[in-house]
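Two complexes follow with chain A in common, the first pairing it with chain B and the second with chain C.
Moving on, here comes the complex of A and B:
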């Protein structure tokens, strides 16, 4: 399992600004209906694994779809303003979103972009230098108690989120101080379908829309705006009341044993309602919500989310034919043919994110800080990575991964991908790496130790702060799980040795790395690592690298600093340029602040008695399931 | 005897306190601020600080330990911020299933291993003894994980005789009566335990058979079943009493391999998962529970021995 499952709420929701939509159009095979389309070729492209189910058969009404939960990763928080400690795709995307829909739904199949037909609101309108945002909600969406989903429900979510982060910044997993919801200075609901927001300054409209406002999940104010189970509803549009309401709902969400019986959680606007919840395993069942106002009503009767203790136990259930949908762990890929013989379609695709080795620009050990500051060194290191070989290697990805050359991967293709994200700017070439070193004053000793022969700052010299005789020898600390992290790092280190670069590998746990090496506020360990690899990140639909590669980024643990990129990031966040983030990503990809690696596929098995639009199955690669589109065949 | 019991009780409390202290200190030394690990790599510093403050991780360690002991005295094992439940609830939800699987397996192992070991001792070096010995050595040397995989592969997936996973019943009574569903996990636990216990029993049986009182009993003209039941079994069973006492911690420690393989949620897997999550309250509580069970198991074994064998006296 990838180590970057956090941040899913922002990554899974969100919409697109009108200009971006016009530019990017209907880039998926979903025929404008997002999940309603039927073209599988877009998803069976390079980077994908196996074949996506095709739509076939006559739909049968009813039936329960059994879906495997990831081991040890069941949902454990029901209230949609989810604290950071409980935030995961398993809690939000694969549990809460069945019941409470975000204002803007994403993805479109495997494509990380907004799916307007499935969204509660149309694209927001920006005015007043993007400081006023007007949201128009669609009619027809209603709560399961019969009340319509209105602008008041959007305002309710905003006020409760403000209250939550005021009580503690840890109360909302996506909260960054100063941004959503802090920047909202005014919330108005002129009518039941319109919300007008005012923000404190100009932000880039795509950043605002894709990255920030996508966190909005309308909540049923008519049922939840209260401070006790038996009490009457109270006004929520002030922080004092909102805090009381939040505390009540948060406390209710702490009672896992009552999830299925608490009347609060039965008021939903999503396609399913909770029927049972087992607090000891987090297994749960949901039934179709007959009042669902989305474009397609569920044909199945419900969902059985089955909990598992291990990937082995889950795979055994697949082999026994007891699951309709389950993931296929990398360790089980050699048995995929057996699964197919048992009547499963097996398909995988990468999520929208990136894996990378972070460089430490603050580590003076062996002058690494000065060495890694040289762009030609980073380019040489990129040339030493053989992505196609790693992807195909039986010992690494076994074909189940997509190429990625920067923070925006080549697949799935984002509307915001720049050209160099799609074609490797530094393809594998030992000779290219060797030439870069030689042309900058290094004596390359293949299989030995390459040293600096020409110190200095001229274009044919090693660079500032690199003394004569400096060797290219560093350490790389990688996460010990999943195994593919270490396996691909070993291949890279082996290639590096071919140009005399020695990379000493050691492994640590994911928690150790992010708590000790990646903590910007704890610089005491800056001198003990040159490179680290804990996995990677899931991107927001609007993939700015503000937190990571901005000089002052909150997670810029390697201390990377590039004024040009800082300016590009600033533009991505606060300029009126709707192509700003493409420019930013293009720069980051060219500058290689870390070594970007292939993106692992999320591989699933779908029983062939289950059918539906292919894009509805492809959603799974972006952590979303869309079972309202599925049906059992007669 | 009373003085002995009091002494053992006091010693046990000190041991348990020591376990709590060592576990507490170790977890806090390894990760003094678990906020980052709990909240994730992209959580803001403000969120991490707020989390550490809310859970008291920004206080001195000895203050945290004192506060923890105070909670324990009041029967509060803490709150799992990762699982959004009290540790008491987690234990209450997971312990019955673990205890049943372990308990029934220990019981079956004893019921099978004792007569089997006696039979082997009496029929020493016969074809049957050697066949059972070979089977026992095979089962004993086989990793439990591998045995489980074999059982699932053949009995569940290949021949469809049993389900590949344990009963998924949330309530304990239906779980207990789900014999068919729980057959494979119980068999996995029992087979490996029988292999071990039967070897002990065979060895103790052989020792007893060589004693004069057995010869005397036979010389008196007692029937062979009476000799075996009254004189051999009673003397040979003493090592088993100790083994049974020491298996008490298993009831609460859970059975990691079986829980992992057979999709049975229990305390063993809970402990491992939460160790990875740096969920300190859960980890410390389960370690403490394991320590208490070990101390109790030892104590029960000692007392049981004195009851079973009048020759043993406690000073």
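Moving on, here comes the complex of A and C:
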């Protein structure tokens, strides 16, 4: 879950969003096509902001790249089986992945797809109705202690994950009961580069690969398969031993002050090794791993991840030129020219996720539950959103956002995007919204209060449970930070008033909304909100909305229920149809269970002295940095 | 040049000659003395002028300077000052000058209304406590003590957080209900002094009821203190409203107050959009300052020891 749009898995850490956690497991990107494509135009397309750095200059060996950490969101867990409480992009993507690489690396630059040249394994082979999965690992990858990365290391990760969730489901933030790793019934390693998994039933191949297996991160069994610091390694392929090993490693990971000195964490297969870690601020430094077996070895000497307590402090450091890479908050976009003058490239692009206003289908206040259950009402509300204006407005995104009409945004383009994700099915039109209401028995009073004049269930009547005289008046509680949430909601409410819909806005903190309004297990507040807007979600590469819009979804806090969508979601998970998720997303986009909003950019400033393949910089938009591709220019 | 005694006599009129024991005027009405004292205070006059200006600016201004304050216009966000928008536009594309007028309405309405509520409650409680004394006085004053020990902002934030949908009316009520404590103490002190005066004793002797004493003698005679307090109360309320708005607990869209505007504008403080920051800040400072000037002057005016005769 995104703290708003770009807080990404920081929010997931709060709410343990499986949707996001799956995205976490499937990894985020690195330089596209191994060293990254040189074509920057794809990233400077609509939805992008500024210009992506181009590759130039002669590489200089060495140098430390200083990168700003997100304020208050530094990494706080080093062991790659990350508990829900520690789950965030800042812990996993921007810390652990420097040291331990997932089996499959994604995305490619800003595109949410697997980057095979950068991955440790090739695409898995499915057989036996997708119940048998064969994984072939590449040779050449090795641990920093010299041992090769083998199929046993994959099995080690699987066993430890099984042990972790057996001890407590909260031990793995990605865990959904019944799915990974529960569905794995057999783990075999016929040779050092092959892993054969058997699962309990047929799952959709894409779901399995892009959503579930992407969580696998090979772990160094030869160094970590033990129960004490001084003890010898023990067999891990049974749950009893795996639990003991997990408990030991988990305990070690709880000692933040020892991260840099504990020999365990020095055995890595990623491009960098931890050098220092400040447990009070989570600031850390990493040095290049000379034994890194990936396609491109680091040219820089290391990374300095600098902690900040506020976005303004971070921005001031950018202005003073003390950072090589830092994010640019929306409120600072008007100062981009100053940054450029200080020697920075400024570029932004949306991550693969979506923002939306959630509707409460359980709120009977003013018959809202019955009103919002009508598809034509949701369509009318969608017509009232002026996405192009919101994106271009200096008061909202100032151009730093991409269009999004459903849970799969138009930007960045996913291979799983259906047609209506790319072309707005409900473009901004006050008259279209007005016509929808009028043709269903409402007396539209522009600027006033529209009321139901024809109660009933016929096609030209208001709909079931909507009495005559019912007014279109509801509340919308939105997150008070960042300001763009309220800004775009105000614009939407203003447009709604033009057809006599009154949306009463009030703001709350992100944590208040998540804790009080978005908790499916706590329905006591179901009657105090009609609509809410805390931000949005970051998608898995395989963007099923199982947790969100499935009737029993763990994040379906508005109680949306549509048998057609339930069926489509089921197909996305367990059918053999490889286009199932496109169909599901197409249906969700058409049904509008919430108001889908523009997909905001993650905007970064990169110092001009730093260069590398453009795609390696584009990764940042997906919360991933790939400094092994970067170099300082001579 | 020589001048005859007769000429001197003609030029010096009897009225211009001070009597030997000093000049004696007829008694001047109290309000004339007060007005005279107030007018002589230049800051007070300036304050009154500023308040009148902002009342006209906020309530009459929109009748002259027509702007759309209902529909957002995102494409026109942050337009700099021009002939079309004298103070530019804000983040929603609203005309900033028109927005300031609308924000001023809310600030002044809440300021006056909350002060009125606080003053009415405070005056009644203070008068009753002061007149009755004893257990009633002790009980009411302990309530005041307890409520004074609770930070007002804290209470308002909690109430505001619990109940969504802050409006001019609801904020006035909330602020008013928690702002009567100082009034109550001031009036009680005044009543404690008044209740032993001869005219009160005389009225009691003639059988006046407590209600009569409160409404006919005590409150009217404590009115000076009350009026002074109102002006400070208005200033404090406008300040409090600004703080609430700044903290995000102010009025909800589409309503707006100067505090809400400042809060929103501060996101852009260093972005060059000066027109959404400084004008509204100046408005806020001027109005609060003006009410404080008036309050100071009124305090000097109603206190006969400080008043010039």
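Note that the second predicted complex is superposed on the first by the 601 of 634 C-alpha atoms of A that agree within 3 Å, B and C clash if a C-alpha of one lies under 4 Å from a C-alpha of the other, contacts with A are read in each partner's own complex, and residues count from 1 in each chain.
As a convention for this text, a residue touches a chain if its C-beta (ideal position, glycine included) is under 8 Å from a C-beta of that chain, and two chains touch if they have at least 3 such contacts.
What you see is a predicted model, and the numbers here were worked out from it, not measured in a lab.
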Which of chain B and chain C A:331 touches, first, second, both or neither: second
Touched chain A residues, chain B compared with chain C: B
First, second, both or neither for A:317, with chain B first and chain C second: first
Contacts of A:447 with chain B and chain C, given as first, second, both or neither: second
Partner chain(s) touched by A:504 [first = chain B, second = chain C, both, neither]: second
Touched partner set for A:390, first chain B, second chain C, both or neither: second
First (chain B), second (chain C), both or neither touched by A:135: neither
Partner chain(s) touched by A:494 [first = chain B, second = chain C, both, neither]: second
Which superposed partner A:475 touches (first chain B, second chain C, both, neither): second
Residue numbers on chain A that touch chain B, as the complex places them: 3-4, 6-7, 72, 76-77, 84-87, 168-170, 173, 175-177, 253-254, 256-257, 278-281, 283, 306-310, 312-314, 316-317, 319-320, 322, 509, 511, 514-515, 518-521, 534, 537, 547, 554-555
Partner chain A, residues of chain C touching it in the complex: 70-72, 74-75, 77-78, 90-93, 161, 164-166, 248, 252-254, 264, 267-268, 270-273
Chain A-facing residues of chain B, complex: 31, 33-51, 54, 81-85, 89-90, 93-94, 149, 152, 156-157, 160, 163-165, 168, 170, 259-265, 269, 273, 276-278
Of all residues in chain A, those that touch chain C in their complex: 331-335, 386, 389-390, 392-396, 447, 475, 477, 480, 483, 486-487, 490-491, 493-495, 497-498, 504-508, 512, 528
